[in-house]
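Should a chain be cited, it is by its letter among A, B and C, assigned in written order, with residues numbered from 1 in that chain.
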Amino acid sequence: MKKNSKFANLYLVIIFLLMYLPIGVVIVFSFNEAKLPVRFTGFSLKWYQELMGDSAMLQALVNSLILGAASCLVSAVIGTFGAVGLSRLHLKSKGILEYISILPLMIPEIILGMVLMAFFYMLNLPFGMLTLLIGHTVFCVPYILMEVKARLVGMDPSLEEAARDLGASSMRAFFDITLPLIMPAVVSGSLLAFAMSMDDVVISIFINGPKLSTLPIKVYTQIKTGVTPEINALCTIMLAFTVIMLLLYSLIRSIRRKKNR
Amino acid sequence: MKQFKRLIIPYFIWAVVILLIPLFLIALYAVTKEGNEVLTVTFTWGNFAKFLEATYLNVILKSFWLGLLTTVICLVLGYPLAYMISKFPEKIQSMLILLVTIPMWINMLLRTYAWMNLLSDNGIINHLLSMIGLGPVSMMYTDFSVMIGLVCNFMPFMIIPIHTSLTKMDKSLIEAAYDLGANKIQTFWKVIWKLSLPGVVNGIMMVFLLAISSFVIPKLLGGGQYMLIGNLIESQFISVGDWNFGSAISLILAVIILIFMGLMKRMDKQDE
Amino acid sequence: MNKLIQLKNLTKNFDDQQVLRGINLDIYENEFLTLLGPSGCGKTTTLRIIAGFEEPSGGEVLFDGIEISKLPPYKREVNTVFQKYALFPHLNVAENIAFGLNLKKVEKSVIDQKVGKMLKMVGLEGFEKRDVTLLSGGQQQRVAIARALVNEPKVLLLDEPLGALDAKIRKQMQIELKKIQQEVGITFIYVTHDQEEALSMSDTVVVMNNGEIQQIGSPTDIYNEPENRFVAGFIGESNIIEGIMIHDYLVEFDGFQFECVDKGFEDNEEIEVVLRPEDLDIVEPQDAKITGVVKNITFKGVHYEILVETENRIYKVQTTDYAEAGREVGLKFGPEDIHVMYRMGAY
């Protein structure tokens, strides 16, 4: 294959700049001394310090962490069991059941948020942590289910047969062979789901209730008022968090791949 | 292995209670009058009729237009990028693709906010412009700023599927085309483009779905008064409180998306 | 020898498709039995029914005289070597081999000793702690065999175990498998579509096609006395000629009568004759009944393959003699080279 021309490389650089430059600006100005983010006047951590002193912001962070962990735990159970159950079904309805699992990813988030809001209202559920938790499973379950399902599809079905052939009951075969083999997928799927939950604005806005605020919602309400260095700092922290999650995720995947070779 | 089938039960309950019943509920809201109790349901087409008022019709047309424009720009900018990436050696390729993927992981709020930093009246671009004696140019809260936000946010969703279909392509097909006497341009249009169409269709569907239903980006970059379908739904549910009308709008949005996807799927099949 | 496994009128349907159409087979102790046939002939299904992964739709599976077709796999005294080995990727070599023993709660020291013995037998001493995913195909194969045999089954089932190996290692493993079978002294049931593999290792070959058994016999029987056109065509190359059995020891085809060694057919029965290409000799025309013209000659390494066009057909001959194309020759063969078989409608 022919190599790209110089023009092509320039094009690549421009597009990547468009994608990354704005974020870079946010990071740089979060360390800026001056309030107006137009000229870098000197390095400072004062916006981070201010952030640390903002108890409402910290509370929102704690809320987000609890919510993320809880919804990803619940979703891991539903999603993993669901994927295993689906793989054992040989019905015509299997197709429909699988389709339902990706439905939340096909429906616009805003519709999901609104649908859940109306539903919880009708059930008279008080808006708060519980509604958020249920709401977040809507997009967490599909991610975990898909990861585990992909893993199960890639697994040689004779592995479980071999276990049974060697004297394992189907229960033992599942716990000794299948579960350890799908575990990396469960973990990486949960990680994905956790990151999604930590990031969600659209669905949360509809179902969070008046008193409870998650970190993204807090950021959203603050951004609406305009650009401030505190938000730059907050965004940088969130960015760092995302990068850490991403690294963890790819680490797990690469370990898995090495094992599979 | 029969007993493991039962593991599906929690998933099944979750799917029915958390997904299907609420979706059905919205359809019910859309065709009933406001202020219904569970037992006294009055059906009406009024919620849809209301939609034909000029203000609302304009919102939907604008959303559709912006969604389409975003999709086209993403395709025009994204296809060459995906193509160029696919020509690099494998190691560099996977690194570049990682670079494309990372923004998908970064919070959408953050990515949108980053543009506010640049575009606002006293932002960096205007600051630079004033240094050479120009401006200030008002870029925030316009169609332009919204478009930038949409395109930059959703571009990866176009690039990734196209790149995947380009790399999946059997390279010997391209060589065969050259061998059979096709020149570069012919090879591209008759072989490469055709074979990458499934990826293109996937990309178009994803970007369009995201763009037409977006509401955070227009709200932040377009300002509080900027109305796309997403913003309309939100305001009906959260500030106005007309859930029936809000439900009707979402149904219409869903129908638009379904029709669009159906069309794209058909195109995809015809080309195969 | 005792009958260890008896299959009685075994049938199996998948949805509307009938994959087994009444299999009757006796398998003896200490026998190396091969199920041979093209893909889709039902050989693997038969094996899976014996292993317990499939339930037959009809018929019986007797093990030591006891019906077992409803018994789950882990309660059967058989173990399987899977086609792609099915080694557990998250366990090392020793853990894989010890899997069955651990389930039986065998004492740790006994397990270690048995695992060591097995590894020695399959020539993988010192491999205990290795990662199974990093072994070569041949090594994985050996681990799979050790993992099955360590449970001391009465029968070892092998589902095309050499299919994924390259030709050279394949040959080596064939010899080794036969050696292992003689060493442990249990029944091996081996499934393959490779006729050479079947002929070189087995005590008994069962040729299957289309869900039915075509012939059961020793490798020499199967090769020399194929019972029908399918077996003759599937095993080795052959010239198959329609003819008439005049009476015992006399057969007529291509307009001539030949002495043969076959009997037991009805007089004047329509039959088919198999002539193996390597049994035919090229001679001067006057020395043979059937004559023809050399159409084509190809050098095949050890021998020449010569196509001789006669009045009625084209014969394939494999011989070390050279005969140039266009030459008129005779085809010579002895009575023992003529294999008479029943005529089949369908094939």
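By definition in this document, contacts are C-beta pairs under 8 Å (C-beta built on N, C-alpha and C of every residue); 3 or more make two chains touch, one makes a residue touch a chain.
Fair warning: this is a prediction, and the values are worked out from it, not measured in the lab.
When you average the Cα atoms of each chain and compare centres, the chain farthest from chain C turns out to be B. Looking at A-C and A-B side by side, the one with more C-beta contacts is A-B. Remark: the per-chain Cα centre closest to the mean position of all protein Cα atoms belongs to A. One simple way to say how far apart two chains are is to compare their mean CA positions; for chain B and chain C this gives 59 Å. Inter-chain centre distance (chain A to chain C, centres taken as mean C-alpha positions): 54 Å.
If you average the Cα atoms of chain A and of chain B, the two centres end up 18 Å apart. Multi-chain contact residues, meaning those touching two or more other chains, do not occur anywhere in chain B.
Shared contact sites, meaning residues of chain A that touch two or more other chains, fall at 170.
Against chain A, in their complex, chain C makes its touches with residues 51-53, 72-74, 78-80, 82-84, 86-90, 99-100, 103-104, 133-134, 147-148, 151. Interface residues of chain A, counted against chain C in their complex, comprise 156, 158-159, 161-170, 172, 176-177, 180-181, 259-261. The residues of chain A lying in touch with chain B in their complex are 1-4, 8-9, 11-12, 15-16, 18-23, 25-26, 29, 36-39, 77-79, 81-82, 84-86, 88-89, 97, 100-101, 103-104, 106-111, 114-119, 122, 134, 137-138, 141, 145, 160, 170-171, 174, 195, 199, 201-202, 205-206, 216, 219-220, 223-224, 226-227, 231-232, 235, 238-239, 242-243, 245-246.
Chain B makes touch with chain A in their complex at residues 1-12, 14-15, 18-23, 25-26, 29, 38, 77, 80-81, 84-85, 87-88, 96, 99-100, 102-103, 105-118, 120, 122-124, 127, 152, 155-156, 171, 174, 209-210, 212-213, 215-216, 219-220, 224, 230, 233-234, 237-238, 243, 246-247, 250, 253-254, 257.
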